[in-house]
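Which chain is which? They are A, B and C, in the order written, and residues in each are numbered from 1.
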Amino acid sequence: MLKTDYLSQLRQRNPLIHNITNIVVANYVANGLLALGASPIMSSAVEEMDELPAICQALVINIGTLTAEQVKAMLIAGKAANRHGIPVVLDPVGVGATCFRQQTVAQLLQEIQFSAIRGNAGEMAYLANVNWQTKGVDVGQGDADLDHVAKKIAQQYRCTAVISGAIDVISDGKQLAHIQNGTPLFPHITGSGCLLSAVCGAFLAVAQQHDFPALVEAATAYAIAGELAAKNLQPQQVGQFYTALLDKLATLDSTQVQQLARIDDD
Amino acid sequence: MLKTDYLSQLRQRNPLIHNITNIVVANYVANGLLALGASPIMSSAVEEMDELPAICQALVINIGTLTAEQVKAMLIAGKAANRHGIPVVLDPVGVGATCFRQQTVAQLLQEIQFSAIRGNAGEMAYLANVNWQTKGVDVGQGDADLDHVAKKIAQQYRCTAVISGAIDVISDGKQLAHIQNGTPLFPHITGSGCLLSAVCGAFLAVAQQHDFPALVEAATAYAIAGELAAKNLQPQQVGQFYTALLDKLATLDSTQVQQLARIDDD
Amino acid sequence: MLKTDYLSQLRQRNPLIHNITNIVVANYVANGLLALGASPIMSSAVEEMDELPAICQALVINIGTLTAEQVKAMLIAGKAANRHGIPVVLDPVGVGATCFRQQTVAQLLQEIQFSAIRGNAGEMAYLANVNWQTKGVDVGQGDADLDHVAKKIAQQYRCTAVISGAIDVISDGKQLAHIQNGTPLFPHITGSGCLLSAVCGAFLAVAQQHDFPALVEAATAYAIAGELAAKNLQPQQVGQFYTALLDKLATLDSTQVQQLARIDDD
């Protein structure tokens, strides 16, 4: 059961979310945040990384199309965000795929305190150092206990871990929640995970450090928006789903989220 | 009342528009220009900035996701465009937000002669040095007299200023026009302002230096396309609006624009 | 007549396709590959160019928004792909437009062995050194014999040449195929050619070096998806076409492709 209503606060406060993100999803993430009721600013310029956290309410770091220059920007922005006390979300896109991604994420995790890490099972299994067969930026497959993975990451990096998938698994190291909502269409569009990470940032921006319940609501609300968007679609109408998800993020209200939420608390 | 018909000329001549733009809107701007009847070329490579203005009919410079390298490209392309006598449009996205953007725009305005500057009220108030509370790349709020802002920018930079918003304000320093057309959906999609800047470039490309009437028509035509796109949509169907705007830019004709135009001339 | 069925193999094997591509189409290409049944990974980071070909089944190089840094990445990735024996596709976007593009493509063609080159008539005429009036990244016009162009490129670069247009012309230097399928809507959306290049990569990934028939099927399947997507649309509903093409790439099946194919073999 979901008792929080950060969504209404988000719509009211319209937080400004700084995204250091990839060229594939920048547009969709910006549109998704706008639809939800937040304000996106997308920038990776080292020259303004120290300044933006001062005017933003959350920072989302996404390594999807990393460059050496962008890594510098991430480090400056992450540290500035920590200094200003705004939440920082990490999306370790395809972290297992290459040394460059592995090393970058290791450095980010060492130098920046994240409030949340959001990834798919493959990415999160990599971070938790458990066995999983990844495939590029896709989820891959494995037999890891995702509850264990989420708890381990949360404890190791003192954050909330959000593993998205058919069932989302969320843990702050002690508490654990499983979100049953969603649609099989999510992995068939690019950036559905990246947008969820940004949505996590928008909810954290108004959560006043109640990170775990805010992230449970964020993932639930997002999964329900997907569920509603997929409602009248065939399983392969991916183009229409891409569009419909934005519409549903814009119309979603708290009552809907609370009524449709299917969450197993631990 | 609108007496010009640059739209038909644009469709007939199919001008090539060089865009130095940001990673968020590059796709939408390209699709919007194609829909309207222009040809987009998106490039920020310093290596080709001197050459492209020679084969293009307008240049549009957008600072949305600026990098130091891109600033170099903007300066080379802007000067080449001036040399070749093709119109240059500036979109000072979020100019007030950081020193990097402020300094870059100051330098661009000093070294390049722009035909038009298109921004929202917050960005334009910053350029006119009047009081306004901006918010990242969003419009923010303030009590500035936008007629004054538009006139001041136009006079100071010897160009036409286009302030987009619920009512668009356009001035060449002497003349002033207010465009009542539009839809509240515009600010709910990312890049609607950026696309308008590119559309301004496309109209200027066929305007033979009648910049003010061409820009009044450009902003009116664009606002009407938005109006028509929003017609059968709910206020929150942002995903569908994003798609419908492209459709309407493609079907829009001069008769429609002339009949639906709601312009207050000064 | 089409006797092959690489499409089913593609869906079954879900090949991972590495794309070094431009900021305009990165999102659409990723969504298109996902819709078709392949997995995209988009990256231009020099740091991981040597590694990615080892885990991917094809590489697609697109010069749409080239930077000097990206050229380095292309060379490293292309050579690694050659070493690992995975197919490489070149999309020489707007190659005739600037010296930078011309020199880059010359260098890529010299240092990398491509399996396929896919371009529009203007780009391919430039590569074949025959007369054609190009216009930026658009096709332009000319009177070149496209059969001759395709054959010449295929022979010169020991690859299969795919010239897309109202009629697609494909040659491996000996064989020649003309694909009559398609829709006039294709050139009205940005990235329709870029996505075809990526689709060529996905088909080559499962073709086991039967490049020519695989590319004939790739271009035919793509053209038919466009045909079906345009079916209930007006010629100017470009926004809806953009969305519908993804839907059709996802639902397309081999029987449909074989039944609807209109191919003239030489």
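Everything that follows uses one rule, which is that a contact is a pair of C-beta atoms (placed from the backbone, for glycine too) under 8 Å apart; a residue touches a chain by one contact, two chains touch by 3 or more.
Each chain and its UniProt protein: A, B, C = Hydroxyethylthiazole kinase.
Computed from a predicted model, the values in this text were never measured in an experiment.
Q: So what angle, to the nearest 5 degrees, turns chain A so that its CA atoms land on those of chain B?
A: Rotation angle, to the nearest 5: 120 degrees.
Q: Under the over-half criterion for shared residue numbers, do copies chain B and chain C use the same patch or different patches to meet?
A: Different, since most residue numbers here occur in only one copy.
Q: What's the distance between the Cα centroids of chain B and chain C, rounded to whole Å?
A: 33
Q: Can you list every residue of chain B that touches 2 or more other chains, as numbers and ranges?
A: In chain B, the residues touching two or more other chains are 23, 27, 242-243.
Q: For the complex, give me every residue of chain A touching chain C.
A: The contact residues of chain A facing chain C are 22-25, 27-28, 64-68, 94, 97-101, 135-138, 188-191, 234, 236-240, 242-243.
Q: Can you tell me which positions in chain B touch chain C when the two form their complex?
A: For chain B paired with chain C, touching residues are 16, 23, 26-27, 30-31, 34-35, 39-48, 51-52, 55-56, 69, 242-247, 250-251.
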